[in-house]
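Naming follows writing order (A, B, C and D), and every chain is counted from residue 1.
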Amino acid sequence: MATNPQIKDVQFSEKGLKEFNHLLTRYDSKRSALLPVLHLAQGEFGALTDDVIHYVARLIELSPAQVLEVVTFYHMFHRKPVGEHHLQFCATLSCWMAGSHQLLKSTCSRLGIREGETTSDGKFTVTRVQCLGSCGSAPVVQVNETYYENLTPEKLNRLINSCKEGKPKIP
Amino acid sequence: MAGEKKVKITLNGKEIEVPAGQNLVDAAKDNGVEIPHYCYHPGLSVAGQCRMCLVEQEGNPKLQIACNMKCSDNLKITTNSEKVTSAVQSSLEMHLINHPIDCPICDQAGECGLQNYYMKHGKYHSEMREHKVNKEKVVDLGDHVVLDKERCILCSRCVRFTQEVSKTSDLGIFQRGDRAIIGTYNDESMKGNYQVNTVDICPVGALTSKDFRFEQRVWFLDEAPSVCSGCSQGCNVSVHHKKGKHIYRLKPRFNEQVNKWWMCDKGRYTYKESNYDKRLSSAQLGGIDLPFEEAIQAWTTDLKVLLAMERSDEVGVFVSPHHTHEELKSIIEVLVSQFGITKFYAEDIDAMVKADAPIDGFLYRSDAYPNSRGFLKVFQDKKIKLHSVNDLTAALSKGSINHLVMFIPEGDRILPVTGKIARAMKPDTFVVCLTPQKGATDQFPGALSLPSLSHYEKTGTVTNHMGLEQSMMAGFKMFKESHSVQEILGLLSSRYSDARHEKGRVGT
Amino acid sequence: MSNLESRSYLIGIVKGLITTGGHFFRNLLGFGNRPTIEYPEKRRNYSSRFMGVHILTKKKSGEIACTACMLCATNCPAECIHIVAAESPNPKVEKYPAVYEIDLLRCVFCGFCEEACPVDAIRMGRDYEVPELSERNFVVGIDYLMNRPSLQNKNISVFHEPERIAKMPEKKIA
Amino acid sequence: MIKHTIHSKNMRPLAIDQKPLAAERRVLLEHEHIPDMNKIDVYASKGGYEALKKVLKTPMTPDQVIDEVKASNLRGRGGAGFPTGNKWSFVPKTKDKPHYLLCNADESEPGTFKDRVILEKLPHMMIEGMIIGSYAIGAAKSYVYIRGEYQYAAEVIHNAIQEAYRAGFLGKNILGSGFDHDMTVHRGAGAYICGEETGLISSLEGKKGWPKLKPPFPAVEGYLRCPTVVNNVETLAAVPWIINNGGAAYTKLGTAKSTGTKLWSVSGDVNRPGVYEVENGISFRVFLEDILGGMKGGKKLKAMIPGGSSAPIMTAEEAMKCTLDYESIASFGSMLGSGGMIVLDETRDLVQVLKNLSEFYHDESCGQCTPCREGTGWIEKILHSYTEGEAHREDLKLLDRVSNNMMGRTICVLADSIAMPVQSYMKKFPEEFERYLKKAG
């Protein structure tokens, strides 16, 4: 496919390529591996930028538009790099009843950014997400891939402080 | 279609017989019942997204979509019950609550699915008081298509077209829910030779043709069935013109065997060769306008002088396969049988026909003439030998031809060939150009030019590469002075015979 | 009429003159109820629904309000409106009339165009004094219809969507 | 390099740590509290994979397995409650196309977090159930479609599958029975719609999670247009017990029509929110007092959403009278659904609750069908302006009309998941909406 000039050529790491080939063997159609490959690419490159999307499109033999359709459909795929600590506040019913909105507002004001933005030092991104499947221990915040449950304002501040030090730990 | 199994279905109480497995929407349309639909298109896969074609099926409490139903025995469908009409009205309302309703500036006004169905099925007072979702308005998708994401009703016809028919897969639906938008990757230009088909099948004004942008309102346009002159595929088109004065666009016309619902972008702009700026609008002699009558008279006298001295072999005729059967027949009847002219010259049509193959694997073919097969057949039937253009240039430079009749079609394709002939010609040879285009007459400064009809004004038949004879019923004339080739030759032969018998007044 | 009167020619003339003279002097001195007025010093006051030469309205920003949607040309029974639409130079506006001409000689001043217009871009004005030397000048264009002095720039369209235009992204079309 | 994923230990919902309460009936979660129960050896030591051995060693024919599940009258635990035995029997017996079994571990229904316990603590029980199910429908491949956010659970399942391969319960010629089977974990990427059966199939095919047109039904033409069965985690986890103890034994649990036990994930204004396994048919009153520790802060119960956010709401009186099984909840106009119960006390403003839910469904609507794509957005906007002080009486009529025009008009039931609650909130709690009308004056 004629790629337009601004698209730089990117490549999976050697480990990533091995993982990619293994993934292909698990499915009966190449396109079925698209989601896992996008997870793999987002893990390696940090975000699904235009170059990455064109690379994945070539690997899975799809047009970039078809891959972009999938990337923009799912919430977990980002087209721009997110902060080192991606604070995802659950906004749905049980967490909302437990006050997750107040936690979100206070965190935004504390970090000085609005919802969905990244702090200038690239450390934090704050977004609102839908039900994380942990309603019994509401309110919940997911940082990168870990759930932090039963948060109170104090616990949340301690969590953010531990993130600032680079080692997020259970408050 | 005769051998197909028929099944009996009941539509609105009336029992009808339809081919087995036919889509219910098509079956209903064939029997006069119009089931409203946006996302269904007979040439594309079934999406079932717009939910406009909801119908009541006996034995099923929930309304079913008709586009996903194949006709099978004793299928009982009701489309006019109160429940169905209110469902269709509410589906339409849902389409319109985030629609910008900017009909004054939308080219689709007059042929827009939303307007049509609102008048047939809507007629409600909108209760949408909330803020509408705003999206990008004028987005340039390359040199053929302009996109307006706000008007899009997300029926995914264009996406399915690029994935299933043109196979470029460059359109997609991004984001989710009512924030979803149609577009290409980062709004880059669309690719491929079939982009404007997406404009035809887009039921609303989301995808509009850049060439037709703001040109004319569709309710001012008349429609004439014709065949595309772009190549030998012979796609059926309808020519949209205003009172025969100006052609604004071409749209494909459904033909099961040739082009189904589609046509290529190249062919779509062939109408520009018929419009005002390209046309020879009156007869000319050496560049000076003169009434059509005198031009015919001049041609007759020169021809008469030659034929009287039995020098019919000094008359050369250049023809091209761009002409219809009827034109070629009249050329042969008048020039050959009446005047006994034998020397016919044309490009190497045999080679073109043999090398003819689809260029982009779908419709557009390499042979650039719409009637090559027909042309060869006519001349082979009459056993007239076709000499090559080189023979003509040789004969001209040698001076053995000093009366040249040039049948030149419109379009820039032919100009290199006619240019070569013009350069090889001696200044004193008498040239007659029967052509619709100014470009050709400029190449022959001293020539007698007679304006003939452009391709889309002609009524006649052409044979496409499959050998399928297709008729064109244009029936409009853009310039008062221009006449069809048959008319001109008719006048010529009648003037010639009058001149010979010295009687009868010249009729206008 | 007595026999003498009909035979003697003079009495009839004098009687006629007395009637005309009576009207003449009564009107001259302003006592008469003559319908004519001293035009152009005094003018008839027509009703506010009077339909005179058309007016093309403007947006608040001074641009032409018309979007060249051709509804007036379609609705016009005399087919005397000729419009050529084009891409608007203002990046926030999509379509505007490059040419908008009305042939006043053909126009029957029925007001159908005013009714058809969805954005109050054309109205029936109050001017009726449109003297011209040749019929070509009766085909009036945008400049006359929108900016003629008698309008005193008061022809502002009531239909405008400032917040929608403000939020509209600029169009990206070659 | 691949970022190493870290997980924290406090993932387990609270209530599950203590020993079973009197009113609980732990069948699936019997050994859940044993540490390292997710390892294969500990699981095998508690009778794990006996059912698989029983199926493959005796050997039971696929039809016998299906009949056993039919006899147990096990109903789908994901939300629809469709009898699993019947679902399996719809798969055509012919083998011209490959068959697939997909485990729906997407669990995105607000209020539902029961599958997570099985995924993190008892992965092998689900795996064993999947292998048996695949054997029953003749599927050579099965996939665990797990929601992208459950990163830790995905790892646990992945390790468990590798253990199963090493133990010979997966791969070629399992236990010498000639039955080959491959299982893969497939992570979703954050879309509620992929919890819908055909939405999951589209997502697994590498497309947007747009549900597919039915007919054709997945059992005939599903994943890659081949016969496919999609079962919930809890449904598959119940299969080994049914095979071990027989379908009849399973019908002794619970009520006649709602047999067996159900995992309830409770959240909201209760003292002990969490995941509990109870026998179907237990009364809500007992469930609330004995298991959930009553209302938090002694407040009065106002309303209860039984089966996840898409279930119509039940008033306090109705809740107190109902028993936790499909029939009783349905008799009050609601749905057992996925068992994601949300309890609301007297302080909760139900219009705000409904607004929050409409935001969820507006954000999660996949946008394929027009009534849902536009309708969810419209409902949210109406509720937004309704609660921001511009409440008009016609808004209620409009809400009713719009939700009516969404119900039953779309390819999947996401539209109904907001339309039915809207209707039930307005019918059962009109006074909540009146309050806003008065406030708006």
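Criterion: a residue touches a chain if its C-beta (ideal position, glycine included) is under 8 Å from a C-beta of that chain, and two chains touch if they have at least 3 such contacts.
It should be emphasised that the depicted structure is a prediction, and the values quoted were computed from it without experimental measurement.
> Contact counts by the stated rule: is the higher one at B-C or A-D?
Of the two interfaces, B-C and A-D, more C-beta pairs touch across A-D.
> Among the chains, which has its CA centre at the largest distance from chain A's?
Farthest from chain A by mean C-alpha position: C.
> Could you give the separation in Å between the centres of chain A and chain C, each centre being the mean of its C-alpha atoms?
Distance between chain centres: 66 Å.
> Taking the mean of the CA coordinates per chain, how far is chain B from chain C in Å?
Computed value for the inter-centroid distance: 44 Å.
> Which integer distance in Å separates the CA centroid of chain C from that of chain D?
Roughly 73 Å separates the two chain centres.
> Counting in whole Å, what is the centre-to-centre distance of chain A and chain D, each centre being its mean C-alpha position?
Each chain reduced to its C-alpha mean, chain A and chain D end up 24 Å apart.
> So which stretches of chain A touch two or more other chains?
69, 73
> Scan chain C for residues touching two or more other chains and write them down.
Not one residue in chain C touches at least two other chains.
> If a residue has to touch 2 or more other chains to count, which residues of chain D qualify?
Within chain D, residues 191, 208, 363-364, 366 contact more than one other chain.
> If you go through all the chains, which pairs of them touch?
Per the contact definition above, the touching pairs are A-B, A-D, B-C, B-D.
> In the complex of these two chains, what residues of chain C are touching chain B?
67-71, 74, 85-87, 94-95, 118-119, 167-169, 171-174
> Touching chain B in the complex: which residues of chain A?
My answer: residues 4, 50, 53, 62-66, 68-69, 72-73.
> Using the touch rule from the top, collect the residues of chain B that touch chain A in their complex.
These residues of chain B touch chain A: 163, 168-176, 184-186, 188.
> Which of the residues in chain A end up touching chain D in this complex?
13, 15-16, 19, 26-29, 31-36, 38-40, 43-44, 60, 69-70, 73-77, 91-94, 96-97, 129-138, 142, 145-150, 169-170
> For chain B, which residues count as touching chain D in their complex?
Residues in contact with chain D: 46, 48-51, 54, 62-63, 65, 68, 87, 90-91, 93-95, 97-98, 127-131, 133, 153-154, 173, 175-180.
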